[in-house]
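In the two complexes that follow, subunit A is the common piece, with subunit B as its partner first and subunit C second.
After this line comes the complex of A and B, so read on.
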């Protein structure tokens, strides 16, 4: 196991109280595994991604643990977490277009970043990785503004993986791209994994059809909890959780994306996570809900590698 | 790049052209004989000078020439550095009065602008870093920046000059001294300079500190800062980037504030009877010396335009984005 997340709870402090955005999620990631993290907007995907690398000022680590390569990550301690960042856990942010300092030449920024982490810049390695993502080497002498959007994204992908992290988190990095560019990004990420630049990866998207092209395993979240986790083909072809079933059936055809039809097919909205009522959080929208659903459904491994949190599926 | 500066220069040239034209037009729009009425209103020191001035200015205005000739002539004399003769300080040419006053004004303006900008930026950056500092620097800065130049200058002149008697409150140097390159004179010069400088410096300082603090806080929440933090970069590096990027809008701010700063300096000179352009303008107004006023006005406009152009150049040098943008536009 590269990564083990156990009963992780991360809340947002707000004036009205705690938003329970990540409420007891457990899962593991094997060496070389790519996990697709899917679910409607607001279900806690970003919160999970951030929890693994850097909590923002409003987030607090309430409980649970994260173990990476056998070491427990001090995720609640911003300073103690620093040594792990970039080297063990890294991130391709959603905001690749603006992730690089606009007033530094890219090569210099990379060098300063590495030096600040006491790492030497291996220029040959950097060049070969630029070649790999088909970026000309002279981009290192350019300012970010001189690169196109796609080039910036590839540059950030190279920077983030330069130190061969064990875990790479990619949060909605394809949302703003057109379909062909999305495919290219997915191919690149697969290439990174296959060449061992990253050991394992969490690929976050609200677009389950895209996840299917890349991920070995898909984890579906709902309202801060795990709904279902299984090998990608199982989630797509034989989902057990009513929420996953609705997600899949609301897709006209897996692998094809229709501009307006992404995950919009389920009537109703996710519940507020401020003071969520006990019981299954999908209850209000679930066509199969019954009395038992007033209790929290625990995640159960219904078959090997297939976990579902639903009373009907167990 | 050439196109960018060409456009800027065109704008500044146009501004200057307008200022000169308005200067030329105003006396000619006065009802009656402008020279006679200006001389009548002005307090000319020597009565015998009246006639000489009348002849001189009638000649200068050249009312017998067609208007375009008059206009071209006025540009001609401007380029010769001829601003006419002062009514109040007859027979000193306006140009002489101005060139004598300008060094004093510059000696106040340049150090107070540059130092307040540099120190204010440092202070604002520090405030953005530490809560304790923020809680002191910020309120003090707000008070300073809200203080009118006139007010702080008067307060300091009264406090340090009149009540405690530490500093002189009038003039560029002591009346008992004659300008010379001696230590005693230079010290005296510096002593007279210190209070007006300090009051200008302090008021400007507050604004820069607040501006810097706010921009830095914004920069520290920007995407590149978040990305660097996620990759475990130390705060030192992130702050260095943030400061560098926050300086850029402050440079633009400098260009925008220039007019306010100059106006503040003029008022401050008046409070301290400092022999710069401000005091000259006051004398011109009090004595209804129209030509002196015009000359001072043109000098200030020219100075502000030149300073603006310098800031434009500096901005392009420090912000790679403008350079890249220009190269892109040229390609």
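After this line comes the complex of A and C, so read on.
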């Protein structure tokens, strides 16, 4: 196991109280595994991604542990976490456009970044990786503003993985890109894993169809909790959690027409996470809800590698 | 019928407007009442520019946009906006956060329905909210942050319906919404065409365009590369660009590797 997350709880401090954005999530990630993390806005997927690398000022580590390659990550301590960042855990940010220093040429920026980590720049390695993502080597002499959106995204991908981190977190990196660029980015990420630049990866997105192209395992979250986790094909073809089932059936695909087949959404909204009531958080929108749903459904492994948190599925 | 004929838009760019960039080049298509036409293209293809020109937020450099045979430039703006309205991508920035969300209705009333008595106006709002499947109690008298993105978008559509419009420009209206709610807004648009509403559905998402529209226009670098009935465009694309675009769409049940 590369990564082991056990009962992780991260809350946001607000004036009204704690928002329980991540409330007891446990999962593991094997060597070479790509985990697709899917869910609606506000389900805690970005919070989970951030919790593994850097908690911002409003976030509070309430409980649970994260173990990477046998070492417990001090995720609640910003300073102690520093030696792990970039070397063991790395992140591709959502907005690559604003991720690079606009006042430095890219080559100098990369060198300075590595020096700040007390690492030496291996120029040959950097060049070969630029070739791999089909960026010309002379981009190192350019300012970020001279690159197109897709090029910047690829450059940031190269920088993030330069020190061969054990875990790479990619948070919504394709949501601002066109479909053809999207495909190229996803294919490159897969290549990074296959070449061993990164050991394992968490790919965060709201687009399940895209996740399925890349991920080995898909984890669906709902309102700060794990709803379902299974191999990608199982989640797409035979989901067990009612939320996953409804979510998958609401996705329009090329070929589905309104005139032939009317898709339906899920009525209602996710609950407020400020003081959530105990019990299943999906029960107000769930067509299968019954009395037992007033109790918290524990995540149960119904088949091998297929975890579902629902009383009806177990 | 809303018709675009040879519409071109050239932007002046650079420090002193010294250079030009053609955003839309000789675009021509039409929208009939009761029909959804989707305008598909990648970023920078000029699809929003076309939407803005139809809404008269930008003047075309050359070419004409006409409605029922009349050049839109000969119609006063006030009258024009009773026929054509738009809804945009980001529901959260379409509202002023300081005011309650239903102020968008009050603003319409000030301009177009000054003499209408309160009772009649309330009935009109209720009818419009009913058409977009919102309950008045859930959305009226609330601030924008108290409503969900889907509710806000539907409020804006209701606002457009108050004016008995004939055409709606929907510019990426569901891109910011979650998967579980976006399909409801999409179904709503499809239902509205039964009322005779013509919709220009601007999107970068091919699956959504395919789901809802009768006809599809594919734009590439400002030029229309493919235009025709949706089935034909998606099943037998003639242009290489359309084929490439279709091949890149992530499909739920097929993987890219298997398809190629």
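Points to keep in mind about this one:
One rule holds for everything that comes next: the second predicted complex is superposed on the first by the 302 of 314 C-alpha atoms of A that agree within 3 Å, B and C clash if a C-alpha of one lies under 4 Å from a C-alpha of the other, contacts with A are read in each partner's own complex, and residues count from 1 in each chain.
Methods note: a contact is a pair of C-beta atoms (placed from the backbone, for glycine too) under 8 Å apart; a residue touches a chain by one contact, two chains touch by 3 or more.
Values in this document were obtained by computation on a predicted structure and should not be read as measured data.
Of the two partner chains placed by the overlay, only subunit B lies in contact with A:113; subunit C stays clear of it. When both complexes are overlaid on chain A, the residue A:71 reaches neither subunit B nor subunit C.
When the two complexes are overlaid on their common chain A, residue A:128 makes contact with neither subunit B nor subunit C. Contacts of A:272 after superposition: neither subunit B nor subunit C is touched. Of the two partner chains placed around the shared chain by superposition, subunit B is the only one that A:99 touches, whereas subunit C remains out of contact. Taken together, the two complexes place no residue of subunit A in contact with both subunit B and subunit C.
Subunit B meets subunit A in the complex at residues 222-224, 226-234, 236-237, 241, 244-245, 248, 319-321, 324-325. Of all residues in subunit A, only 40-41, 149, 178-180, 182-183, 186-187, 206-210, 212-213, 236-237, 246-248, 250-258, 262-266, 269 touch subunit C in the complex they form. Contacts from subunit A toward subunit B in the complex involve residues 53-54, 81-87, 90-91, 93, 95, 98-105, 112-113, 116-117, 143, 145-146, 156, 159-160.
Those residues of subunit C that touch subunit A in the complex are listed here as 42-43, 148, 178-184, 186-187, 190, 204, 206-208, 210-212, 230, 234, 244-246, 248-253, 255-256.
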